[in-house]
Amino acid sequence: MSTERLIEVPRARVKVRRSTHSPIFTIIGALVLVCLLTVAPWIVPAQFATTLTNFFILVIMATMWNLLAGYAGMVSIGQQAFVGLGAYATLYFAIKGLNPFVAIPFAALVCAALAVPITYLLFRLRGGYFSIATWVVSDTALLIIGTIAVLGGGTGRTMPGLQNLSPGETAHFSYLATWFVALIVVTGTYVLLRSRTGLVLASIRDNEVAARSAGVNVRAARRSIFVIAAAGCGAAGAVLAISQPFIQPSNEFNLQWAAEMLFVSMIGGLGTIEGPIIGSIIFFVLQQSLQQQGAWYLIIVGALAVVIALWQPRGLWGAFRDRFHTELLPVGHWVEPGESGP
Amino acid sequence: MIWLNIVIQGALVGGFYALFACGLSLMFGVLKVINLAHGDMAVVAGYVAVFLSPRLHIPGLWSFLVVVPLFALLGYVVQRTVIQKSIDRDPFTTLLVTFGLSVVIENLLLEMYSANGQSINIGSLIGESWHPASIIYISYVSLAVLAAAVLVLLALQLFLSKSGIGRLIRAVADDQEAAQLSGANYRHVFGIAAAIAFATVALAGIAYGMMTQFAPTSGGVNLLFAFEVVVIGGIGSLWGTLVGGIALGIAQQFGAHINLSYQILAGNILFLAVLAVRPQGLFGRRSSLA
Amino acid sequence: MSAALLEVESLTVHHGQLCAIDDVSFTQRQGEVLAVVGANGAGKSTLLRTIAGLHRPTSGCVRLDGKDINDLSVSRRVALGISLVPEGRRLFSSMTLEENLQVGAYHANPGPFDIKRVYELFDWMPGRRKQSVWQLSGGEQQAVAIGRALVANPRVLLLDELSLGLAPIIIEKIYALVPEILAQGVSILIVEQDVSQGVSAADRVHCLLEGRTSMTGTPAELTSEEIDRAYFGAGLVAPAVTSGVVE
């Protein structure tokens, strides 16, 4: 009988380091890209700037949806609530005389503030019931906004405060606004995920029960992510309302926003920063090339998302990363053994 | 008399909502899956009925005799392929996949049939109603749908409690592993539950097409109502579905009475109020909230 | 010596990265009571669940009548005659006592047991057959769980931690059924944390320690000290370590 086996606890020191290689190339590349995208409207034709605006609106939304679902495990199909509320908050501030561009951060704040009480209702449900309840919230917001005459009611109205700008200037400025919001949202998400919160979210995602027993306040973490995502989608709604300045409930609160956020994140890869951006690129290429074919781009993108969810749940970027072991924007931590101590 | 009419009309619509919701409730109860394409399946059933009834020379009224079995079969197949595949991944994936399917179905229908409304032709029956008092008109079609809902719920109740396979369905819902240990092939049981759910949703879709017009986008709205019914009535309670349906119907009629644009809003507000005050629903157990 | 019924060969099972069962082999013969004992976390339940088909082994195989059943689903294994009474009883909580037995009988093999026979085995059951199972006591629930497995007419009955959470007198009553079940031609594989219970009922004992076989033999061959060593691991048993300090 050989049962002698004592448990030996190694007293090794461990080093915790950030994943992957030195980020210097990534940083330089990112800076070049940021400069290029900032000067883009001076270089590219005007209608291309509009396309880029729409692209970055999608990037903002998808990044926020990815934060919700990919990192905090909340499948919301009602994020269009905050897109719409952000748009209407901007409209309200503009009616009150504020410059719509200045109103963008305030619209985001309004959405964050509204999101707090909403979480107290929504968090009573879990899983799929949570998902549909987010949709009910969005539907309710749409119906309530539709009854407010000063905001244009059900038929909509034009954003004031933009009349003294030429259409070209509006396109130009709304591109810049959208691009800066996207930059802030993506960088902010990156910083958030590299912070302690990112670690907390990863622990919840891996094992909620274990995270809870390790002292993580799961509910509070989820709540703050929901509020942040609401603010982000609110900002997206604000720039949407400026770039397409006729504001109508059925457009701003369109379920299609949720569908696009979801598809783009799924295709690119949930739970990565890069995924939603790559998904947005694929989405836009498909949308632009199938422009003449009506809703077919949405059918193809949706089918692609379903196929990816079933057979490649880490998305295209996830698959790519698994194969080549590379990350552009690493958020992970690696524990390596250091020299053994006494 | 106005109030009585609100209650009666609400109850009539409520029967339809219950019919629509019981499949959703069954799918969740047994498979723990929320089928976000549930509403779209009903719309597809409506289109299939419109497509088939002239070709097979069946009157619209009886089209369900063909479409319902067809959908039961479809439910079994879809479950054993796509839904089972997503369940095997995780519950999260089932949401993404069914939502994706919902959007794909909706847009495919839009491409094929345009956004114009369609309805199932049942001849002059649509306009006929019983007129018991001054302002109260009870449409025969709505009454038939309410009766169908009650019959379906009764049949489901009997099937689940008295038949062997019904007991297996409940066993799988209670404890999937223990059911397997009792010899149940849970995938097959899931398939049967999905077949029943699809059959009821097809019936609901056809009822909808008889009562009013449907369009490719009708699925989403009806899924919302069905979901509200399930939460109001209590998740996992069969008869709660009927009560929830009637409660939602009355709330909507009441809203419409105040202002036509408040119809859906009133239902949403009832739902949110139930969520705030009694999240387990009127007939639900607290434990089934998860 | 009768023929081998259930063979476990070099079975290794992982839960994620954790190795729960490490290269375990044994043979259960027809008409035999085999007890697998071991401390908490020794891998006993994992072993039974793997035999029943609820876990996939990393390597090794399970054979019934010499045929490899590794690729069969849980329900196929029930049809071949492997029934597990799971730990914690796992009754269908929305159902009555009788409905629980009916579920067990739905896919039953032909054989001596049916609901009527179970009612004879547990004479208190007929009077309470319409009761919800959550109204029953722990011991009664355990009896229903055994009955639910028996009505499927298994060839080998796997019993996981029967005694868990039950009073000694109840445990004794339940173990008193073992000879009766055996007499109907059903072999029994018992998993127990309670060594004395497992050993006294068994023809042979198999002891697991941290997922490995630490000892095997008949109860007559083994001293209680040997069993203790195999159960807890050498050097950790109080009588064997006079100084009380573990090196």
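Chains: A, B and C, in written order; residue numbering restarts at 1 for each.
Here is the rule we use: a contact is a pair of C-beta atoms (placed from the backbone, for glycine too) under 8 Å apart; a residue touches a chain by one contact, two chains touch by 3 or more.
What you see is a predicted model; the values in this text were computed from it and never measured.
Among the chains in view, B has its Cα centre nearest the centre of the complete protein Cα set. Summed over C-beta pairs in contact, the chain pair with the top total is A-B. Ranking every chain by how far its Cα centroid lies from the centroid of subunit B, the top place goes to C. Look at where the CA atoms of subunit B average out and do the same for subunit C: the two points lie 44 Å apart. Separating the CA-averaged centres of subunit A and subunit C is a span of 51 Å.
The geometric centre of subunit A is 33 Å away from that of subunit B, both derived from CA atoms. Taken in their complex, subunit B has these residues touching subunit C: 164-165, 167-168, 170-171, 173-175, 177-186. Subunit B makes touch with subunit A in their complex at residues 28, 32-34, 36, 82, 85-86, 89, 91-97, 99-101, 103-104, 107-108, 110-111, 220, 223-224, 227-228, 231, 235, 261-262, 264-265, 268-269, 271-272, 275-276, 279, 289-290. For subunit C in complex with subunit B, the residues that touch the partner chain are 52-54, 73-75, 78-79, 83-84, 86, 90-95, 99, 102-104, 106-108, 148-149, 152. Interface residues of subunit A, counted against subunit B in their complex, comprise 69, 73, 75, 77, 121, 124-129, 131-133, 135-137, 139-140, 143-144, 146-147, 154, 255, 259, 262-263, 266, 294-296, 298-299, 302-303, 305-306, 309-310, 313.
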